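Read through the structures below before going on.
Next come two complexes built around chain A: one with chain B, the other with chain C.
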Partner chain A sequence: MGIVIAVISGKGGVGKTTATANLGLGIAQNGKKCVVVDFDIGQRNLDMILGLENRVVYDLVQVMDEEASIKQALIKSKVNANLHFLAASQSKDKTVLRSNKVEKLIAQLKQDFDFVILDSPAGIESGFEHTIEFADAAIVIVNPEVSSIRDADRAIGILDSKSQKVKEGKEVAKYVIINRIVAEMVQRGEMLKSEDILEILNIKLLGKVPEDRGVIDASNQGKPVILDKNSIAGQAYSRIAGRLCGQKIDMKDIESSDTGLFKKLAGIFH
Partner chain B sequence: MQSNQYSIKVYETSIKDEAKFMTFFDVNYTLFKDHLIVIQGELSQTIKTYLEQKSLNYLHNVNLPKGRTRKALEKEWEEQQVQSVISQQIMESELSKLSDRLQNNLTVLDQMIRSGRELNIEGDLLLLNRVNSGATITTTGNLIITQLVEGAIRCYGNFMMLTASPKAHIMFHGVEVENEFLENRLNRVELKNSEIIITPVLEKEINWAS
Partner chain C sequence: MFGFFKKKQSATVAKDRLTIAIMSDRDGNNTYPFMDEMKEEIIAVVKKYIGVRAVEITKEIDGDFEALSIDVQLDKNA
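Right after this comes the complex of A and B.
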């Protein structure tokens, strides 16, 4: 039986889909069978970021409505055989989801895969609620800014009240990834510090991802940034994927950066 | 207004022997020319003329602000630490004193009140965790919150005790309590003869280390 992880954020545009794609690939690189599912019905994005746009034939909604089998709808990644993808419908909207159908689909995926990663839509509407309903764990993606933190806080609150596991009296594991950290801005006090974010959200830190210009280009080309060994964001996602697969990897301090001008100058003299 | 702050050297003295004073200043002129001379006690015309001739800056009979040596500062800091231990004790005793007064239909909670949560409490509430931005707590009774409040509070009890961040929105009996009155580590807000009284229980913590 695999583990179901919902990737949530509350606020849009903080990097949920990018994180889902990279973590899925990172887990696959660790030799685990992984499926990433796009739950953002009506605004399908994950297929583009994974570079699988032209392979989508059947989508999630068609599987749930039994117009297609899971086997037909699952798309195998070109870059890693362990990674599979299930697309969202682009034409329907979030209201088509039904709890019992979602539950059935997730139960099926759990049997075949070690990791089932669900990419939640932004916001806290029904689409979001269906994503978290049957998840064993949630990864909250935040940016180091107040609006993202408050929305994430809200999303965690809903998770804690609406998740099936909580209703059964169990606890949903919650982790946070702080995305798009700019070390210089944190040092100047223009960005929230990780400690402050963790104090507000009060959940475990899974990893920190630095801002990296390469991410946009990687997404546009459909090659997740984790494939780029030189990318700092890619390296961060690799570390996080390793942690998810049970490896002990120390938290890297990306906030006291080595890339500052002063450090670079100092480096010349060493 | 534009202003600058400087540290200058001050030489404080009183004059007993005028001739000796002038010789001393003649010999050590280079040392004193950038000092501010403060003369306590009597100051004769002769000395005044002398100082002006030498164009030395001087003040007569002024109370200088207290300068402190490093050692004195360290000692003060140590005292401050002792103080914070004491204030911890004050806080604990204050908490136990007030929590004795929390008795009508008391709810005790140790959970984070996250954004979007609306908590309506009939009676008193003792909350041992933080209130995040975007959350609202309303109590018909008294209220004590031991951790930082960033959200909104509506309290209709006889008293409330809390620490508010500048983001918080605190209302006591429908009256908005200015955040600047609540900046201390712990504040007690009470209704006494229909007057709202705010008492700091613990002063703001001063971070000496940074």
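Right after this comes the complex of A and C.
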């Protein structure tokens, strides 16, 4: 029986879909069977990031409405055979989702995959609620920036009240990935430190991802940045995927690592 | 040099502002989804005995202590 993880954010544009694609591929690289599901009905972005947009025939709404089987709708990644993808519908909007249908779909996916990763829509409306309802765990993506953090807190609040696990008296596991960290700005006191973000949100850290221009280059090509061994963001996603697969990987202190400022300071003292 | 250190760093400002904003966001959530339904039921029960004009329910949080105050306004003319 697989584990269901919802990737959520609150605010849009923080790198949620990029994180979903890279974590899915990273988990697959660890030898686990993984399916990434685009729950952002009406938007359809994950297929582009994964480079699978031309292979989408059936979407998840059609599966839920029994117009297509899961087997027909699942797309296997060319990059890694362990990674599968289920596309969002572009023609419908997120209000088409029904709780019982979502539950059934997720139950089926859990049978066949070790990891079921749900890319939730931004915001906190109905589509978001359905994504978190049947998740065992949630990964919150934030940027070190005030509006992203505030909205993440609201999303976490809704997670705590709508999750099926919480309703059953259990706890839904919650983790945060802090994305787009610029070490130099943190060192200058111009960007929130990870520890401050964790304190404000009262949540456990899953990983830190540095700002990396390679992310856009990767999505241009439909090749998730984790495939680029030289990319610092790709390396960060590899570490996070390893943690999700149960490996003990120390948190890398990317905030005080080598930056222009440090080099300059070193220059002054030497 | 000293001016640089005197100026409050923007990350610190961000932390202070966020802490306050999020605290008030969380407190603003002083209601339950079943509040309206509960209100209707209380009105129905009290009405069996005496006229009711309105029922007001407020959630109060004081540290770790939470309470629901139920205020029943009677209708003298009923």
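We adopt the following convention: the second predicted complex is superposed on the first by the 261 of 270 C-alpha atoms of A that agree within 3 Å, B and C clash if a C-alpha of one lies under 4 Å from a C-alpha of the other, contacts with A are read in each partner's own complex, and residues count from 1 in each chain.
Basically, a contact is a pair of C-beta atoms (placed from the backbone, for glycine too) under 8 Å apart; a residue touches a chain by one contact, two chains touch by 3 or more.
What you are looking at is a predicted structure, and each value in this text was computed from that prediction instead of being measured.
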For A:Val146, is the partner it touches chain B (first), chain C (second), both, or none of the two (neither)?
both
Mind working out whether A:Ile232 is in touch with chain B, chain C, both or neither, as first, second, both or neither?
neither
When the two structures are laid over each other on chain A, which of chain B and chain C touches more residues of chain A?
C
Kindly classify A:Arg154 by the partners it touches after superposition: chain B alone (first), chain C alone (second), both, or neither?
both
Of the two partner chains, chain B (first) and chain C (second), which one does A:Ile200 touch, if any: first, second, both, or neither?
both
In the overlaid three-chain picture, which partner chain does A:Val186 touch, first (chain B) or second (chain C), both, or neither?
second
In the superposed arrangement, what residues of chain A touch both chain B and chain C?
146, 150, 153-154, 157, 200
Enumerate the contact residues on chain B facing chain A in the complex.
112, 114-117, 130, 132-134, 150
Residue numbers of chain A touching chain C in their complex, please.
146, 149-150, 153-154, 157, 161, 186, 188-193, 196, 200-201
Any idea which chain A residues touch chain B in the complex?
146, 150-151, 153-154, 156-158, 160, 199-200, 202
Applying the document's contact rule, which stretches of chain C touch chain A when the two form their complex?
9-12, 14-15, 17-19, 21-22, 25-26, 29, 33
